[in-house]
Amino acid sequence: MKKLTHLNEQGRAKMVDISEKQETVRTAHAISSILVSKEVYEKITSSQVKKGDVLSVAQVAGIMAAKRTADIIPMCHPIALKAVDIQFEWKCDENKYELMIHSFVKTKGSTGVEMEALTAASVCALTVYDMCKAIDKGMVIGQTYLMEKTGGKSGDFRREL
Amino acid sequence: MKKLTHLNEQGRAKMVDISEKQETVRTAHAISSILVSKEVYEKITSSQVKKGDVLSVAQVAGIMAAKRTADIIPMCHPIALKAVDIQFEWKCDENKYELMIHSFVKTKGSTGVEMEALTAASVCALTVYDMCKAIDKGMVIGQTYLMEKTGGKSGDFRREL
Amino acid sequence: MKKLTHLNEQGRAKMVDISEKQETVRTAHAISSILVSKEVYEKITSSQVKKGDVLSVAQVAGIMAAKRTADIIPMCHPIALKAVDIQFEWKCDENKYELMIHSFVKTKGSTGVEMEALTAASVCALTVYDMCKAIDKGMVIGQTYLMEKTGGKSGDFRREL
Amino acid sequence: MKKLTHLNEQGRAKMVDISEKQETVRTAHAISSILVSKEVYEKITSSQVKKGDVLSVAQVAGIMAAKRTADIIPMCHPIALKAVDIQFEWKCDENKYELMIHSFVKTKGSTGVEMEALTAASVCALTVYDMCKAIDKGMVIGQTYLMEKTGGKSGDFRREL
Amino acid sequence: MKKLTHLNEQGRAKMVDISEKQETVRTAHAISSILVSKEVYEKITSSQVKKGDVLSVAQVAGIMAAKRTADIIPMCHPIALKAVDIQFEWKCDENKYELMIHSFVKTKGSTGVEMEALTAASVCALTVYDMCKAIDKGMVIGQTYLMEKTGGKSGDFRREL
Amino acid sequence: MKKLTHLNEQGRAKMVDISEKQETVRTAHAISSILVSKEVYEKITSSQVKKGDVLSVAQVAGIMAAKRTADIIPMCHPIALKAVDIQFEWKCDENKYELMIHSFVKTKGSTGVEMEALTAASVCALTVYDMCKAIDKGMVIGQTYLMEKTGGKSGDFRREL
């Protein structure tokens, strides 16, 4: 039966031993989103024609956060990330304006990059909130989850929607 | 009309000038959550009687992240936080196990602490995911939002549910 | 006669005592630049019409570095920055393409923000180099210097050109 | 009766509220040491006449660590340090070579700087170990403790030896 | 004869070249401790039955510090840690209450992890001090030293007690 | 034709995929400088006979910055540096006092270390400025550029002077 591998024999948290795990290519794709008002939606999308828009800043923040994941999440192993990409997609529907945030992380290492992808997506959403909160503090960061992972002994994972 | 205050005259992001704002006590309360399976729920709650449980680690991570918010969110001002607290509450309901995460942040400074509270709650949820993902990668981080803020010129905010 | 205030009585470096200095508004304006080839110039300027261009990333990096100055420069005091802005200007002249980088930093504190402005400008230039080095490794970061500072007991400074 | 102020009502750690505490000048003096072999002693002291010696590096490390204390110690409040100084003193006695490390930290803020002084002294000792461990891994970092603190409501403290 | 490998030809510190060293499994076990009063001992041990106790927080701090060692100790090489564990043991003896702190670090890399283990143990002790200092500022962090290391060309080391 | 590899298909920045690149030894040599007044020159060089001089601190700062490059430059990949060295050389000439700063960085990895070398040299120059600015704020950081790189698929590069 599966158990919480992060606990040591004293019942405390530890960083689990991955020294025996193989170095293989591993990828993860995580999703987050932010629900914004029509006014915020229009500000963000109209500024996209300019340089330095909201989404650029958010995406830089997400990439930098991915690299700092092991410094933010206590039991995460430090991993040399080989690629990080963040992409945006608007889902608009009758006064509902949702910015979908997709993060893609890749490494060649001995553990997976799920946390890096989730952290990148979360920080990206938080940054959009930060840059638009002067207009509306009621924005809501939507569900954040792992969409897919590949590589590693535990096998691939793909979320069923 | 409100505008994106984070943009400079070249249309690029900037860290807005708060040197004229007054130093007052400001608080923020943010909420996040994580939806887990029954198995994860049982692991977390049974380990709570032990030292070093999942929620302790998550909560330390959240507090440390609150302090590092200005280092993670590009346009956030550095603020000397005066208090950070994180509290948990389970909402269980017919095979739905949701851990509610409440973060409370306080400062005496010239800008608000909404981002610090949101970042603390997000990182707390991410850490729970990290420590339980060996059991189930399908956990979902729920909506993350500002519940309340007080202090500052823009006035108080309280989310209507 | 002026002396190196950073040395203690054992002749070693120290972080000098500023606890008696007054909290006043202080600003600094620093300049750096990067000399690029025509090809790089064209890539950067043509991508400016798109979102997420080179200069956006560089500018986010500069702002984040300004906030982290006391963590990078050993004897710098931590200062709560109140505003950071970075602006760009091209100086093109017969096959010479120079991107001028202006950083503006402001605080209300007990020491100046010269180092924050210089660090922001330097990191901004380094980031442009990073993002364009696949095209040309021969780019040169130009002179980096303090243009102006105001506030503080040592008085204002303005570089004569 | 005194209690562990770091625990919240759920029995978990929190960063205690200091928003009501007064901003006053506070100082702390901490001590650590490292016991080294005669060989290491001679290497360190002979290189002191050169630039870039072991103690210079250790002392820079200690000063930088003082500034990063709130990032390393989970429940520490971020404090804008106003002065940090580190001084060394050899206590040699019949084949016992002990480098005494004194750290002095000062702030003007709403909480004390004991942790900053202790962290600076510890990191200073660790850095000496790091730079000399190629010669001898048997070095021992001696007792680390607070020698004195001044300022703040809890009053002054001075260790009796 | 052994020499200070950290010095370059100008007599200054450098990060020594390890590019030719083999990637092998390396472990280190370091020890620190903290001497506390009876009152502090009782607070810590009685809160151990609760979630979020002092030792949990200290241990998370130690693990996070291990990962950040190369960022804290100037000449340390960055190493991808593969496992970190921290364990506690009380040694009580006639009004002497000493918490022994054992850190275990493992990597598969081209240099050892002694500094990571020592840093983890030190930061763990500092965090216990921080969380209990409201009760007693007279606590003393005991000797901190390397107990054992394995792997690497310089061979194994085991401290004789 | 070469293109800005840092842009994703949405025209935004990304951290490019290097998971297919081979792990080989790679080196980089970068140069920066700082032009100082005669007075600053004399202070720096006279303090060189003492321990803890300006250049020691600058060099420690440069080495630490090299290790933190991926945390400062947004699209840089994290790389485990294997060696960092910084050397100084004065070029004095009729009231012109220029401190040349040479940084040498080495890794065994899947991408080059140009940015690490450039960042080390820049931060080194910034630190000299910081430690001497009480004497003269008019110092100028000179051109900063890559002198040489070896290793990697794109081949060697050597600047022609």
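Observations on the model:
Note that the chains take the letters A, B, C, D, E and F in the order they are written out, and that residue 1 is the start of every chain.
One rule holds for everything that comes next: a contact is a pair of C-beta atoms (placed from the backbone, for glycine too) under 8 Å apart; a residue touches a chain by one contact, two chains touch by 3 or more.
Chains and their UniProt names: A, B, C, D, E, F = Cyclic pyranopterin monophosphate synthase.
What you are looking at is a predicted structure, and each value in this text was computed from that prediction instead of being measured.
Contact count check for B-D and D-F (C-beta pairs in contact): higher for B-D. Annotation: the A-B interface is duplicated by C-F among the options B-E, A-F or C-F, judged by over half of the residue-numbered contact pairs being identical. We define each chain's centre as the mean of its Cα atoms; on that basis chain E and chain F are separated by 31 Å.
A straight line joining the Cα centres of chain D and chain E is 15 Å long. Contact of a single residue of chain E with at least two other chains is seen at positions 8, 10, 12-13, 51-53, 55-57, 59-61, 64, 68, 74-75, 80. By the touch criterion stated above, chain C contacts chain F in their complex at residues 2-8, 10-13, 32, 39, 43, 47, 50-54, 56-57, 60-61, 64-65, 68, 72-76, 114-115, 118-119, 122-123, 125-127, 129-135, 137-146, 149, 154, 157, 159. Residues of chain A that touch chain C in their complex: 48-49, 51-53, 55-57, 59-61, 64. Across the complex, chain B is touched by residues 25, 55-56, 59-60, 63-64, 66-68, 80-88, 106-108 of chain C. Of all residues in chain A, those touching chain E in their complex are 8-10, 12-19, 70-71, 74-75, 77-80, 109-110.
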